[in-house]
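Next up is a structure, given as structure tokens.
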Amino acid sequence: MSSREDILGRVRAGLQRDATNAAAGRAEMAAALSSRSHGPKPAMDSNPQALLERFRVKSEQQSSTVEIVAAESAVPAAVERYLTAMKLPKSAVAWPSLAGLDWAGTGLQVEPRGARDADLVGITGCFCAVAETGTLMMCSSPDTPAAVSLLPETHIAVVQASRILPYMEDAWALARKELGSLPRAVNFISGPSRTGDIEQTIVLGAHGPYRVHLIIVAG
Amino acid sequence: MARIRVAMFVTCLVDLMRPRIGFAALKLLETAGCEVIVPKTQTCCGQPAWNSGDAPGAVALAKKTIAEFEGFEYVVVPSGSCGEHIRVEYPRLFVDEPEWRDRATALASRTYELTDFLVTVLKVDSVPGDYEGTVTYHDSCSGLRGLGIKQQPRALLAKVKGVSLKEMNGCEECCGFGGTFSIKFGEVSAAIAERKCDNILASGAQAVVGGDLGCLLNIEGKLRRMGDETTQVLHVAEVLAGRT
Amino acid sequence: MEIKSMQFKANAAGSLANVVLQGNLKNAKGKFVTRRAEAIKDLDDFEGTRDAAEAIRNKVIDNMDLWLEAFERKALDTGAKVLWAKDGAEVCRLVTEIARSHGVTKVTKSKSMLSEEAGLNQALEAAGIQPVETDLGEYILQVDNNEPPSHIIAPAVHKSLDDVADLFHKVHGTPRKTEIPALTREAREVLRGHFLSAEMGLSGGNFLVAETGSVALVTNEGNGRMVTTMPKVHVVITGIEKVIPTLEDLSTLMRLLPRSATGQPISNYFSILTGVKKPEEHDGPEHLYFILVDSGRADVVGGDFHAMLRCIRCGACMNHCPVYQTIGGHAYGWVYPGPMGSVLTPLYAGMENSIDLPHAATLCNQCGIVCPVKIPLPDLLRKLREKQTERGLRPLTERIGLRLWAWVAQRPRLYALGASVGARYLKWLAGDTDRIRLLPTAPEWTLGRDFPAPQGKTFRELYAARRNATPPT
């Protein structure tokens, strides 16, 4: 007998599986998968301004820094200002989906491609953001490679205010609507990587970025 | 007005170690206007057997206790631990005996921990106690997490004029007693008790007060071994009742 | 992993005598407990969320066969392969075969307790494949002669800054660093090379999502993302109980898991991985394998300990356990410590190999109160004690003692006599003091504390005397 059959056989025996309860179980399973019911969610003011504000506060609590700009065209200059202020190099890898922004005009060297180990700054967008916890939702694709938000020591993310949603449940609904099925990698990111493994003392920059800077496009 | 007839379940530890706690409970109930009966044949509720894996022993002792106490309007226990066993565990002991389960459930619904009974059922306005000094309260686990005993003893202590309550850090943390745990893993048990006693001493209270004699014996034993000769260790009934 | 749970008592004594460990435990306890207490405050309906989480987990384990088949179908649709392992040996065999078939020489691992159960690192090493633990805590333990973890979330919680500073100085051959950020940076630099060169990444799975055939991974360090993004092969090892129905259910559970574990509202990284890289994508594995592991779980389904299968491995029970707080995780002698470990070890590694564990608890129910999926841990521990008694696994003296005591307690006259004699005996032991310093009938008690003296007569004696003196009016 295969291990699969052996294991499932013992599970079925434990559940006293028979045709009747199997049918009931399948009906229950179909109901659970189609109803997509959710548990209690923390109350939240869902007008756009309140969502933006909550997202900002929660992001900062996760040790991200935040700047709000009026339009997408202002993003390259904001990135330049941030890198200057932080005394970071003016070259970066960016998601190919952001290739259309005028990076060169602000003196930045931005290469739209996948990330390499030597990249010090990574610029990404995000699929959407979750106000409840100050979280970015990243969906991988050829134009939005996952490692850009992971390998560089500095991660800069562009967030459209219109895509700040109240809850993670809303993010799933949006993904189903816009993408149909899930991409290979959905990464929810809430601030810089960190560890507390030595004496429960939180240290930023474990294996991923040391700093996460969010540029929110309000327009 | 007809007096409320209350049966007191003394508990085996109080019987063996600290009868004065039983008399204090008696005084509190009688002062509040109850007629108190102490059934003579009572022994132990069976919790030690249940917690040690002796289900048949636990069932036998539960049946005995149910038969002795089910005729009374209320059963009052000066212990959160035994109280929890009767109120919460008894109905669960009789999986295959529906008749006994019903009797256990009926008894459980009429069984109260002492301070809970005084506050919730009798709604007492005053207590006879005359203790003078600062006390800190140890919430024992079964009473707190099993029966929700938290405000009741504090509300009653507040009625004793000379008492001022000073909460310790970690008052809801286990003292390390754990019944047979205390004699199976004596060193671990005593080490847990040490943390509790550190908190008691840090509170600066003259007395630590609790609702379960098991915890109190553990705490007193550890305090004395730590060299503390002054902190009093008292059952809440002793403080509330004054001299018996 | 070799089981050392039979030495629980000796292990515990060792822990109590270890001054450094005692300091580290005290330090950790406060942080875990306080952070969780703070973190649950911003859920308006924490108890309602616990109820929902319990219901989600019950839904799956009550029909586990159906949900496993549903997950498997979806996972296959996404291009993953699904394998099944009955025990640790089969896990080791499967992982080694996968590694060989892809020409793998190095495996980076994010934390997997199941791989600890299986002793996978040793098996890989024996096959000439280098396993590299990448969770900082697990890495610290691996380079310290493969020391076992002492906590499921914070594996190196028993170690101090000084311990780690000495260790890194020794194994990395670098100048000794004394700051935690510098030590963390050093480990980052060592491990970055491994992340980029390993051909295979191995992870556990916090949840398997039936709706999408995905694995959900929760990490803070980013190592989970690394091992599932950079190598060409990704192998997921999870227990068969880890399935949940939908993405919405994932959201509910994620409101509880990080809060219960580390006191965070959400972990830094929460990855939901589905299928393999498309040819035009820059990163991600080309091959994805799920190994669904039994190792004792299937036999728990539907039995007395069914509720234990709800466990989501947050560690809150051990963080809040007075016994764990006092002796740490190693004393428990196997992969899982604390209350959940004292239930799982007998079930997965043998009741006869862990006689003490179900008794190594005060039944204070602090664990039951904090458990995010409401597992009645004290009830399960008590049930294990009952099973031990039924199977004759407890010492004969204890069994006879218990039965004798219950027998006497059913005979009121005999019991009253015994209590009178006992009260006098204890009073005699105390002499004219208020305490007994050595209790011959229970010497364990007086190892670390005194036993207060009794009044000397029983309540029933005094009560009878009082009633005789003052007849009721």
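Order of writing sets the chain letters: A, B and C. Residues in each chain are counted from 1.
As a working rule, a contact is a pair of C-beta atoms (placed from the backbone, for glycine too) under 8 Å apart; a residue touches a chain by one contact, two chains touch by 3 or more.
In this text the structure is predicted, and so the values were computed from the model without any measurement.
Any chain that touches chain A and also touches chain C would be listed here, but there is none. In this assembly, B is the chain whose CA centroid lies farthest from the centroid of chain A. Geometrically, the chain at the heart of the complex, using CA-atom means, is C.
Of all chain pairs, the one linked by the most C-beta contacts is A-C. In terms of their C-alpha centroids, the spacing between chain A and chain C amounts to 29 Å. One simple way to say how far apart two chains are is to compare their mean CA positions; for chain B and chain C this gives 32 Å. If you average the Cα atoms of chain A and of chain B, the two centres end up 52 Å apart.
Against chain B, in their complex, chain C makes its touches with residues 9, 12-13, 16, 322-323, 325-327, 356, 359-366, 368-369, 382, 384-390, 394, 398, 402-403, 405-407, 409-410, 412, 415, 419, 422-423, 426, 434-435, 442-452, 454-455, 457-463. Those residues of chain C that touch chain A in the complex are listed here as 24, 27-28, 31-32, 42-45, 48-49, 52-53, 56, 59, 62-70, 84-86, 90, 134-137, 140, 154-157, 159-161, 164, 180-181, 183-185, 188, 191-192, 195-196, 210-212, 214, 220-223, 225-226, 228-230, 240, 245-252, 254-255, 262, 265-278, 280-284, 292, 294, 298-303, 306.
Within the complex formed with chain C, the residues of chain A that make contact are 2-4, 6-8, 10-17, 22, 25-26, 28-29, 32-33, 36-40, 42-43, 58, 61-62, 113-115, 117, 133, 135, 140-142, 145-147, 150, 167-169, 172, 181-201, 203, 205-209. If you check the complex, the residues on chain B that touch chain C are 10, 12, 14-20, 22-23, 38, 40-44, 46, 48-58, 60-61, 64, 141-142, 145-146, 173-174, 176-195, 217-218, 220-222, 224-225, 233.
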